[in-house]
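Labels A, B, C, D and E are assigned to the chains in the order they are written; within every chain, residues are numbered from 1.
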Amino acid sequence: MAAAITAPGLRGISAGDAVPVAVVSLGLLVLWYAAAVWLNADLQIDAFARQGADWTTGDLIAGTWAQERPLLPAPHQVAAEMWATIVDTAITSKRSLVYHGWVTLSSTLLGFAAGTLLGIVLAVGIVHVRALEKSLLPWIIASQTIPILAIAPMVIVVLGAVGLKGLIPKAVISTYLCFFPVVIGMVKGLRAPDLLQMDLMRTYNASGAQTFFKLRWPTALPFLFASLKVAIAISLVGAIIAELPTGAQAGLGARLLAGSYYGQTIQIWSALITAALLAAALVALMSLIERAVLRAMGGRP
Amino acid sequence: MGRRRRPGAAARHPREGGPGELSLPGQGAAMAGMALRMTQTLAPSPKAVVDIEGLSLTFQTNDGPVYALSNVDLRIAQGDFVSFIGPSGCGKTTLLRVIADLEKATSGKISVNGLSPQEARQKRAYGYVFQAPALYPWRTIERNVTLPLEIMGLPAAERKERARRYLDLVNLSGFERKFPWQLSGGMQQRASIARALCFEPDLLLMDEPFGALDEIVRDHLNEQLLGLWDKTGKTVVFVTHSIPEAVFLSTRIVVMSPRPGRIIDVIESHFPRGRGLDIRETPEFLKIAHRVREGLRAGHAYED
Amino acid sequence: ADKVTLQLKWVTQAQFAGYYVAKDKGLYEAAGLDVTINPGGPDIAPPQIIAGGGADVIIDWMPSALASREKGVPLVNIAQPFKRSGMMLTCRKETGIKTPADFPGKTLGVWFYGNEYPFLSWMAKLGIPTTGGPKGVTVLKQGFNVDPLLQKQADCISTMTYNEYWQIIEAGVKPEELIVFKYEDEGVATLEDGLYVLESKLKDPAFVDTMARFVKASMAGWEWARQHPAEAAKIVLDNDATGAQTEGHQVTMMEEINKLTAGSTGALDPADYERTVKTLLSGGSDPVITKAPKAPGATR
Amino acid sequence: MKTLRAAVAFLLFALAGAIVALFSVHTGPDVWPFSSGLWLSVLVLTVIAWQGLSTLAAFRSRNARHQRLADLAVPAIFGLWLVFLWEVVTVGANVPQVLLPSPGLIVARLFTSADVLLADFRQTFLQAVLAGYALGCLGGFLVAILADRVPFLKRGLLPLGNLASALPIVGVAPIMVMWFGFDWPSKAAVVVIMTFFPMLVNTVAGLAAASVQERELLDTYAASYWQSLVSLRLPAAMPFIFNALKINSTLALIGAIVAEFFGTPIVGMGFRISTEVGRMNLDMVWAEIVLAAVAGSAFYGLVAMAERRLTFWHPSYRQRGV
Amino acid sequence: MGRRRRPGAAARHPREGGPGELSLPGQGAAMAGMALRMTQTLAPSPKAVVDIEGLSLTFQTNDGPVYALSNVDLRIAQGDFVSFIGPSGCGKTTLLRVIADLEKATSGKISVNGLSPQEARQKRAYGYVFQAPALYPWRTIERNVTLPLEIMGLPAAERKERARRYLDLVNLSGFERKFPWQLSGGMQQRASIARALCFEPDLLLMDEPFGALDEIVRDHLNEQLLGLWDKTGKTVVFVTHSIPEAVFLSTRIVVMSPRPGRIIDVIESHFPRGRGLDIRETPEFLKIAHRVREGLRAGHAYED
């Protein structure tokens, strides 16, 4: 048990990790360039044939890294697009990825906060109320097997009809997706105290609330953080999914989709990587909080 | 009241000494036990703190039942200091856990302070020292000790003061800010003793509290505990493996047989309340110790 | 001003220029209307939105609208700005397809989500099963772009004259490498973008009046777009919140759209309507539209 | 016994009321107009049913079979009651079918379109979900082990692993269709990406869960890395790994279905859902949703059963009634 | 070889008896120690199994350093049975852990079987019994005992046979199929002893192995351990709190002072190898026990 408290989980990128990260990234970049050649070659050969031009292998490779609609854009193409849409575009512009990222992030965070809260509340209920455990848990599980994309439009329509538009419907969908890992992790965590530790509370005739705050909660924290890291990534996915039926107006999801309508692979990839960076940053943030909290709890180094 | 005792236990363990029922100082005879029981309703002194009759407990496990306790009769009066001694695995911990309402008996009767164990637990009738320290790893030693006080709602200043006092009693001053894993095994055990003492319960249930301590600290804590018991008139139920410790501390020593745990002997030990460690050299002390050892040995012989 | 919410069938693009122009140029305002335009998307079924109260008026294709009627959403066409159909099937020449008779054994990309009715009717008319095999065609549910054709995952894909076709061209494929089958030319054209409202609401004269003004202003918007295609495309771009549309593509689209809206007064031509219904009824197992609903709104 | 009898009495009463209510909504507004009278009685019936359920949930039997039966009955009755409420509300309040069809219509669809549903199920669940789940979980697990084994990778790869695995499915799905074609492998690829991250995170956390003393024991045996992995760290990680397996069992299904929105052959649960929404056949859509929910819950249940078997020693399964 | 000893330890603890360095039977004097060291290179018998020189260990904690061991010198020859005794928290466990390579010394030298502790550990030079049982909850008792055998690659039949033999030795026959949480504290401790014995290491490091056992079982296991030691010529390093146990079992008793742990006395105990429990009544036994007790007491006085 004591060790579970110290479970480090995933760590963020810290200074000490810079070298390994750089080396691995470099390896991946090389792989990526190679994959771009491999995947785009057919189209490039077609294009050369269409122009009736002679070509060498060098031309082919250069061509695969410079297509307008490649199957897999080369890293520098994506980087250039990201630079253009993140740095070179005013953040108020609709072409700015910062603007779209913020739209998505705001509903992600709102949904994540609500989902975490809901997840914890449900877990607490399930652990403490037998009737809830038996009647609710199977239905919570069933709820997660409902394809969200199928009911997202209905959610949007229904919420829209009661006057909720914009941020909230998207956050609701994030909440719906991200509360689940929290429930599952917390139910496990809240039940993780060992029997002797529970017995001790019994000898004090501690109330349910006291046992909860003084024993169950601290024991559940490592489980909670493992869940939160998963949940925040899922919450972002939820926000992006929710951006489709809201009319795909703004947000990284809308960008992705719009890119997809027009086969703009470079745009898709830059939105995708921005989303992934955002997710990684959020996960890293959770790790930081986790480390701080577990250290305050006397975690063994 | 005045229930008839079942004869089983006595008949099955025809050893010298009372067959379990403890009620009068001196060799507890069955008849005397009954007599007291009957007077008790009239004049409730000395009050029975723990009253056990025909208690049995069976654990169901993956490969068959384990008979942990069988037909145990025991009565502990207020102010008693009772030690359980018996071979490893004989059911001492289980019996203590039944008293503490941490385990439910399979059959038989038990009352604590005249109430069911559950009610007694809900009234916070006792402090319990587990066989393992069971400290919470995320709390410092001080905050582990003040845990019961927090639960019982004492003010912060009072909590701090009590933690100071009892950590001092168990020689752990200076370790308030450490976490459990930074302490040695014996220190952890002492912290858990301080935790049980600090809310000053009238009934103390202690499961081998001094097992991991050296003789000197042990002697010291024996004296402290005896002093506390003497001053406050607490009732103590104590599990130990040390015969001298049992004889030195107790007013009664309950010797148990191997699984299924039964009481095979109850030995009185009448040293004056203010006794010192030196009594351990007296012939009377040695005589009692010898009798306890004999009982234990017989229990072991019983097994093979 | 009277509030009106319009639900588009697809994302913001020149396909809907008339409405954006009307809004941008103050035509709605002048008609005493406060119009909100909600873009659509791959997940949005306008009939569902209107049934749920999320819009007052929607843009839909007639086959889908008629099917919805049968499912209990009593849609009524109040205007038909698109006179002609822009649907086609675009194939690569190298697949050897020259006429619809060459389809069997090929893989065709089709849009679903209520947009498959014309295709199914066509195939029913040709007597080609859509269940695959050498005698039938293998149908793919096509995504939102033209990749299946570019990457040769499909032999033909659905395109609109104003959008996907040009995407193929923009991707570097030469027109002479392609062969296109217009639904109109094949005699299976169905009516596309029309304005629909709930029948029940038409009982309210105030609503009818609002809608009359709305249609009139919208048609004026379309008129303006025909006159100023480049500026109209610019207006559309300004309204695109995703910032993903490109100017060149939208100008092309605007020009193509203008060909489809040309000659429309907004009124639904009963002949066009009959043709659509007939096409759909011929679709064998597909949505049987037994009875023609009272169709043209008394809008003018 | 007494509690059981009380529970049954409550539930029977609620059942009788429910039948009357269903009958009255279906015979139309003329018999029992959907007035406050109906809603009030439905409310009262719900309170009674909840009472019955709470009583049943508290039921304790020494007979394990009876206990199991009671444990199953509680969620089942709870669910049935929700379905009843759904039916009464949709029919009673005349909710348009294109928004929310009534359970009756959905059940009818389940039977009349069983063949289509079965084909979709095979395509989506038996192929995309199972293959993707197996590969994704295995991948996450193996990468976690790899990262654990090679600290350099742990520090270099994990942050990037986070990055890759946090890719939103919506964006990945069209790309996967581009790479792996229209058929189920592209959906399986999406599922792989979705399930990878939870497994990675949980395995890494789980591998750190063994206590210091437990590890030191193996140090005294000079156990090799793999030996300590197999005999200590993996067993100790089991609760975490099962956490991921459970979360993934539902994520996989969502992932596969969502991925089918971006191009499929004309079969599959996601294909059917997106097509039939467009056709306003909401009863078919819900039939697919029901199928997905049943399949997903059964999948989850299997994983949970395996968990109980393999991690019986975890305190969460040794809880005494507190 | 032949390193000069640092004079510090001896100077700082001017107690009777040898100041830590143990090399010859009899009062280990510094010079004698050196003499042996020098001969050792020439004639390597009796081999030094553990050789510690000037070893110190400091723990860094959230509130400052804890000095756990300070300048410890100790030499344990093959076939020795050495007991550590000392007040709770004095560093006995820490010292044992340093020998086992579970803790790194802050300064000083240590070798085990002539190797660094790490190399020795990698050669599986020792068996370790922890102060807490540390059984794996997902393994039955039998499979907990066979764990080291699995790791060392013994065939299944042999594993089963050894588990049977050593579970029998610690009186746990019949509990093979139970899980750890179904055993009493003492039974768990015995299972962990069986686990350490079953791969028959030449060096046994035991941290209060019998702390949770009753006197009878303890006596029994004392005899078993002594028999094993006698027969197999094992080297045993043993932490205990029981003075009689230390005197009964050991060839040498190392008395430690409170934090920072130092060796304040080393007492030889020359009972014949085949000694029986009855020697505990002999005057010589009592004399040695007295000396140990005096050492312990002095250590405590040192602290306050």
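Here is the rule we go by: a residue touches a chain if its C-beta (ideal position, glycine included) is under 8 Å from a C-beta of that chain, and two chains touch if they have at least 3 such contacts.
A quick note: this is a predicted structure, and the numbers were derived from the prediction, not measured.
Between the contact lists of subunit B and subunit D, the overlap consists of A, E. The leading chain pair by number of C-beta pairs in contact is A-D.
Among the remaining chains, the Cα-based centre furthest from that of subunit E is the centre of C. Each chain gets a centre from the mean of its Cα atoms; for subunit A and subunit D, those two points are 20 Å apart.
With centres set at the average Cα position, the gap from subunit D to subunit E is 54 Å. Mean C-alpha position of subunit B lies 86 Å from that of subunit C. Centre-to-centre separation of subunit A and subunit C, using mean CA positions: 35 Å.
Residue numbers of subunit B whose C-beta contacts span two or more other chains: 132, 179, 181. Of all residues in subunit A, those touching 2 or more other chains are 1-2, 71, 149, 153-154, 157-158, 195, 202, 244, 257, 260, 298, 300, listed in ascending order.
Taken residue by residue, subunit D touches two or more other chains at 99, 174, 178, 212, 214, 261-262, 274, 277, 314, 318, whereas all remaining positions touch fewer. Chains touching one another form the pairs A-B, A-C, A-D, B-E, C-D, D-E.
Every residue of subunit E that touches subunit B in the complex is listed here, in rising order: 59, 61-63, 66, 85-90, 92-94, 131-132, 177-179, 182-187, 190, 207-208, 211-218, 241-243, 293, 296-297, 299-300. On the subunit A side of its complex with subunit C, the touching residues are 43, 47, 50, 68-69, 71, 93-96, 100, 149, 152-154, 156-158, 160-161, 244-245, 247-250, 254-255, 257-264, 267.
Those residues of subunit C lying in contact with subunit D across their complex are 42-43, 45, 47-48, 51-52, 64, 67-68, 71-73, 112-116, 130, 138-145, 147-148, 151, 153, 287.
Interface of subunit A with subunit D (complex): residues 1-4, 6-13, 16-17, 19-25, 28, 39, 71, 130-131, 134-139, 141-151, 153-154, 157-158, 177, 180-181, 184-185, 188, 191-195, 198, 202, 211, 222-223, 226-227, 229-230, 233-234, 236-237, 240-241, 244, 252-253, 256-257, 260, 265, 268, 271-272, 275-277, 279-280, 283-284, 300.
Put simply, subunit E touches subunit D in their complex at residues 100-102, 121-124, 126-128, 130, 132, 134, 136-138, 147-148, 150-152, 179, 181, 199.
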